[in-house]
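Residue numbering begins at 1 within each chain, and the chains themselves are lettered A, B, C and D in the order written.
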Amino acid sequence: MNDRTTTLDATQKLHFYQKGTFTVGNRLVSDQQRAVQASIDRSNALTCGHRACQGCGEALGARYAMDAAMRATGGNVIAVNATGCLEVFTTPYPETSWQTPWLHSLFGNAAAVATGVAAAMRVKGRPEVRAIAQGGDGGTTDIGFGCLSGMFERNDDVLYICYDNEAYMNTGVQRSSATPPAARTATTPAMGPEPGNVFGTGKSVPKIAVAHGIPYVATATVADLHDLERKVMKAMGIHGARYLHIHVPCPLGWGSASQDTIRLARLAVECGLFPVFEAEHGVVTGSRKIRRQVPVAEYLQPQRRFAHLFSSDAGKNRIAHLQAIADRNIAEYHLLDAEGEA
Amino acid sequence: MLKQIEGSRAMAEAIGLCRPEVICAYPITPQTHIVEGLGEMVRTGEISKCEFINVESEFAALSVAIGASAAGARAYTATASQGLLYMAEAVYNASGLGLPIVMTLGNRAIGAPINIWNDHSDAMAVADSGWMQLFAETNQEAADLHIQAFRLAEELSMPVMVCVDGFILTHAVERVDIPEQADVDAYLPPYEPVQVLDPQDPISIGAMVGPEAFTEVRYLQHYKQTLALRLIPEYAAAFKKQFGRDSGGLLRSYRCEDAELIVVAMGSVNGTIKDTIDEMRADGLSVGLVTLVSFRPFPTAALREKLVRALNVVVIEKSLAVGMGGPLANNVDLALRNVAGAPQVHSVIAGLGGRPITKTSLHRVLRGAFVQPWEGSHFLDLNEKIVAKELHYVRKVRRSGPTAENLLRRLGQAEKAAV
Amino acid sequence: MTHPFAISLDVGTSLANLTGSWRTSRPVYVDRLPPCNHVCPAGENIQGWLYHAESGDYETAWRTLTTDNPLPAVMGRVCYHPCENACNRAQLDEAVGINSVERFLGDVAIRNGWRFAQPPSATGKRVLVVGAGPSGLSAAYQLRRMGHAVEIHEAGPFAGGMMRFGIPKYRLPRDVLDAEISRIVDLGVGIKLNSKVDRIVESMQAGGFDAAFLAVGAHIGKRSYIPAGSAAKILDAVSLLRSMEGEEQPLLGRRVVVYGGGNTALDAARTAKRLGATEAIIVYRRTRDRMPAHDFEVEEALQEGIMMKWLSTIKRMDEGVLTVEKMQLDSTGFPQPTGEFETLETDSLVLALGQDVDLSLLDGVPGLEIKDGTVQVAANMMTGYPGIFAGGDMVPSERTVTVAIGHGKKAARHIDAWLHGAAYAPSSAHELASFDKLNTWYYADAPKTVRPMLEVARRQSTFEEVQGGLDETNALYEARRCLSCGNCFECDNCYGVCPDNAVIKLGPGKRFQFNYDYCKGCGVCAQECPCGAIRMVPEEI
Amino acid sequence: MFQVRIHGRGGQGVVTAAELLSVAAYLEGKHAQAFPSFGSERMGAPVVSFCRIDDKEIRLREPILEPDALIVQDPTLIKAIDVCQGLKPGGYLLVNSNRSLSDLHLDAVAKQLPAGHVLTVPASELALKHVGRPLPNAALLGAFARLTGIIQLQSVAAAIRDAFPEKIAAANIAAATAAHDAVASADAVAAA
């Protein structure tokens, strides 16, 4: 699998040229070298008829990730899902949109349940069947955090995927520990002296994952499919605990236009607020470089959850504060260095 | 093979003979020795083809079991007290998903005040979670019940909790006949799941179910437990056939024929009660005992059949539903509901937080029942003097402080006074 | 039911939930007109042939190209490529090197000896084409492919018209020109050289032609009266350039002055330099920014050491000396005399003040309207005389090879229709694919490849071709810089980015189709389409 | 008791419409009860909300199965589900559309209802014009007031004023008034 992904990366540089370098597919390269999503017979692990909102980033991210995992394992994937949007909009009785074996247990235990699945497969002599746990930022960075850390620390053979839309959207957009500073949510209204979410210290679960020293940790976004697929395939080529944190915009919770989902994911990376990086065995090994840097304001402006920042002078300072956070990321993950540098 | 052995170890060996495939361990007194024993047996290979997983919490312990069971493995874990409450959400989930997990519950009180000793508060806290609950009277039965539990759970695709009195059984070293592997294999068929996560035949398990179907799901769960009322005696009979001894079943009676007064109890206390009854019978008192093995499903009909001819029924239980009384007594009332000329039911709350239940105390309360049956709950060996003092003090002083500490202080004073 | 009720569900059950009913606006695939195609005077489907060149299928690319223009190798050298000025990519990094790829295809075709497919069947109609210049050849080629018998009458000794007599060798090597002309001849187009048509109507009757296309070039250099001493050597640029095709080369002396500011002036000056003039000076009455000549040609000329004298008019010429008056631009930008004079040493003066067409062949033809030295034609290129069409330098329009070729094609279509007693109706053009319709994120940065240039030393002394061509990898690279503005190039973006799997991929070359049963109308596909080939249309409610 | 059922899609303000209606009734001194069809539906998915209006205390807690009036905020639902289910014989039907009843295949339903009880209003258009976003609920309430006479337009306006910030309120009231007047003039035409 690794070979395939490396060649895919190579072809990006060698053959894609101007047209198709960043697009999903490219008629000029062989099917094998094209993105999984470009394939006419991709598995569509998450199929039509689900009840996600128009322009749902999570629905997109989940199909991207699961389809890539399906290709990487020849379809031998069992998915465990934490409670949340993804669970509710994909499996309301009597309809499921999942084409893979799929299990929903609770909000906070996806990582542990997946550990159980993996253990069962080992003991049943079917190690080729791999377990993937998935959840939103609430189920991952908040309520599911204990089970997640336990799974990491035991280095169980589970790929945990967090679809981060930066709040509890399923329950009506309440703040989570992944909600960015200043963002308006139902529980951090744009009122009072400190409108929106507090400027806390933040909580980078990817970094916490790295601190566990697990074999593989990566962040990705729905705006960079090739990068996302490569990371999923790489992850599926590794045994032990792996963590993939995917940034997935939410039109409902962010107050953005449904067609802007991918555009916003792109801007989040280009402004430095969402660093895309990789780490192996506790060491950051590389980052996706910013291609056309933009000020954070360009990313914040189209989102109603940040509207209050643009209506007052105090707002300007908060934007500056957010820019400072972006600049820190840029420095820490070398986001403006030339390609190839760590 | 007969062994003089600690209860926990005996259970561990019995569970091992059931060929569990995934065992999740998290330490909590008093079940700890069971998973310790199992861990050792997995390491030494006594249990083969088994994943032993040390998890970070009871919540994770049962969650791992849920995943393993849904993926087709025979899953086991054990817990007690606070641990059971910490995994409560998963307890309901396991039964809701119909996963045949077997879990040992080393019965123990629930804090605060923190207390590690035995009573049945933990079992009662999740009595209505959809799990079947079987109470062991002896360590022999504790061991045997696990073997029956796996068969029952997997037949109905419904989890089973084997309730064993903490310390009193788990830590008691006594004679236990550990079955032979061949017998267990003959009795317990390999796990055939009704549904399993398999890439060859994918399904989605754990859908969101709305008002249109939720009642039906719940009803079917309830219906399964009514089926268990038939299966439990059946499997107990089969067990006797295979292993040559009585173990399990819905309930057992002792000297009940013609008894005017019948005691109902669960767990290890039944032994003490039997001795007490023998002595009372010797004194010509017409008293008998019904030992309830299955609390869930609750054997309403079988119990009614045992109790209906008595004049009085005394329910002795190690649990208190604060503000209501004895939950077991309440369930016994259910068995006699709408029965013409049904016996009077009297409730005894005993052995909370590990307080010993002695023959002396039992004689006092049971003989009392002949002379002067009571209404409401009788708290066995309640230190009324101290309670009265505390109540008086609390009435006087607004900031009266923590009751538990106050009581301990008073007990100390009382002892000094005695010297 | 094979598994527990309600809590477990079978795969594929969600397909029963037709989420398309949520939609308030729907995406539709569209084709928009790329700016390059839009502005090409020859009406080439540039994006169309680049698409094939991208995948290395040069023959199909060349065949697509030559359906509109039979002279790609020439075009790739002499076209002033307005397409590249219009190219959307210019707003991203640099315009696609369309002209250089066109030349590459033309040269490859010559190298491989690719031929045009013979016309399917003969219509029995005969068409006379007057003039073997670009528009004449273009018309003849198109008419021949439509199955008509075509005969070109050319007054000069060679075919090619202004391509041969107006454009110097160093810009258009003659072997290239000959190769592309002979390919047209091979198609069955007859060319009669040295046969000037004096009376068009008579010639038509004599030859039994059903229609005629007049494409006479502007070969007559405009003269303006300049008082001159007897020994002063004055000649015009067109004659100079034409004489380059003859045996003996003209003698201009060491110091040559060219008078004028158009491309011809530059050609004349650069030719003079190559003929050995140590000083070649261009005298122009306005400033460089007002020069009609193309800037890149001025640049090349300056590199070759041509000197420029701005804001000057020539008053008189005596032996070896010119009198020049300084000018200044008035507020309207028109040059006004200042009364300041100076002299300029020169051996000869070349006048490049524009050209005229010899319209004598039209004398006496009824119904024609001649204005400012050109024949007026209707929208269908037909003159006032039924059956006689005209194009190129003869009709009012910009005088470039590309425009001429466009005229030829256009006229051919109308002539064909006219011969069938029908009227040719061009298909209505699509909406323009402007830059704002694109999502350029998806295109990698890729600066234009520069064509090699002959070093200045040799450019000053020889008539070798100044500008080189691209090698294959360059050409491929350049072709792949095309953004495919407004037309799906099957990048799979819409197929990949749909959160509802509501895009159906139909397979290579078949593009895509929306599944409106499930499309919720979020619009992500339209937003993320790189080339603007999807439009969102509100649902009627 | 007058019972209203509102059909629409997540994000169209279906629940808000029921709430506004109840507030309008409350402001007229009536008893009113508004409640949504609970569920975790998403933007764009079909949603139902209910409103009861009465002169005495409302104790009934069942969903509205036999409404006196139906408001359909999104006509595409008519294809998807049986919106008219349980509508009383003398009831009202108000549909957000700029198309005719026959275009919407509602002729059959209309026949069964009293004359003048069925109406389509281009509420989304009016909303786009006045509010700038296609949120048809306010406009529909304006039309509803005129169609049924159960509540007054000014009560609807007052309810909107209670619920939203000044500017947004003003815009929505404008939409409601426009819809109300449109119905009025239509009636005038019918009457003439």
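In the analysis below, a contact is a pair of C-beta atoms (placed from the backbone, for glycine too) under 8 Å apart; a residue touches a chain by one contact, two chains touch by 3 or more.
For clarity, every value in this text was computed on a predicted model and none was experimentally measured.
Visitor: Select, from C-D and A-C, the pair of chains that is joined by more C-beta pairs in contact.
Guide: Of the two interfaces, C-D and A-C, more C-beta pairs touch across A-C.
Visitor: In whole angstrom, how far does the Cα centroid of chain C sit from the Cα centroid of chain D?
Guide: Here the centre of chain D sits 63 Å away from the centre of chain C.
Visitor: When the centre of a chain is set as the mean of its C-alpha atoms, what distance in Å lies between chain A and chain C?
Guide: 50
Visitor: Based only on mean CA positions, could you tell me how far chain A sits from chain B in angstrom?
Guide: About 45 Å separates the centre of chain A from that of chain B.
Visitor: Using the average of all C-alpha atoms in each chain as its centre, how far is it in Å between chain B and chain D?
Guide: So the centroids are 57 Å from each other.
Visitor: Could you check chain A for residues that touch two or more other chains and list them?
Guide: 51-52, 54, 56, 88, 90-94, 96, 98-99, 251, 258
Visitor: So which stretches of chain D touch two or more other chains?
Guide: Those would be 40, 44-45.
Visitor: In chain C, which residues are in touch with two or more of the other chains?
Guide: Answer for chain C, listing residues that touch two or more other chains: 6-7, 9-11, 18-19, 22, 520.
Visitor: Applying that definition of touch, give me each pair of chains that meets it.
Guide: In this structure, the chains touch in these pairs: A-B, A-C, A-D, B-C, C-D.
Visitor: Given the complex with chain A, which residues does chain C contribute to the contact?
Guide: Listed in rising order, the residues of chain C that touch chain A are 6-7, 9-19, 22, 54-55, 441-444, 446, 477, 480-484, 489-493, 495-497, 499-502, 505, 507-508, 515, 517-518, 520-524, 526-528, 530, 536.
Visitor: Sort out for me which residues of chain C touch chain B in the complex.
Guide: 2-11
Visitor: Under the stated contact criterion, what part of chain A meets chain B in this complex?
Guide: 75-78, 80-81, 87-88, 90-94, 96, 98-106, 108-109, 112-124, 129, 131, 146-147, 149-150, 153-154
Visitor: So in the complex, which bits of chain B are touching chain C?
Guide: 96-98, 157, 194-195, 202-207, 209, 213-214, 216-217, 220
Visitor: Can you list the chain A residues touching chain D in their complex?
Guide: Interface residues on chain A, with respect to chain D: 51-54, 56, 88-89, 92, 170, 251-252, 258.
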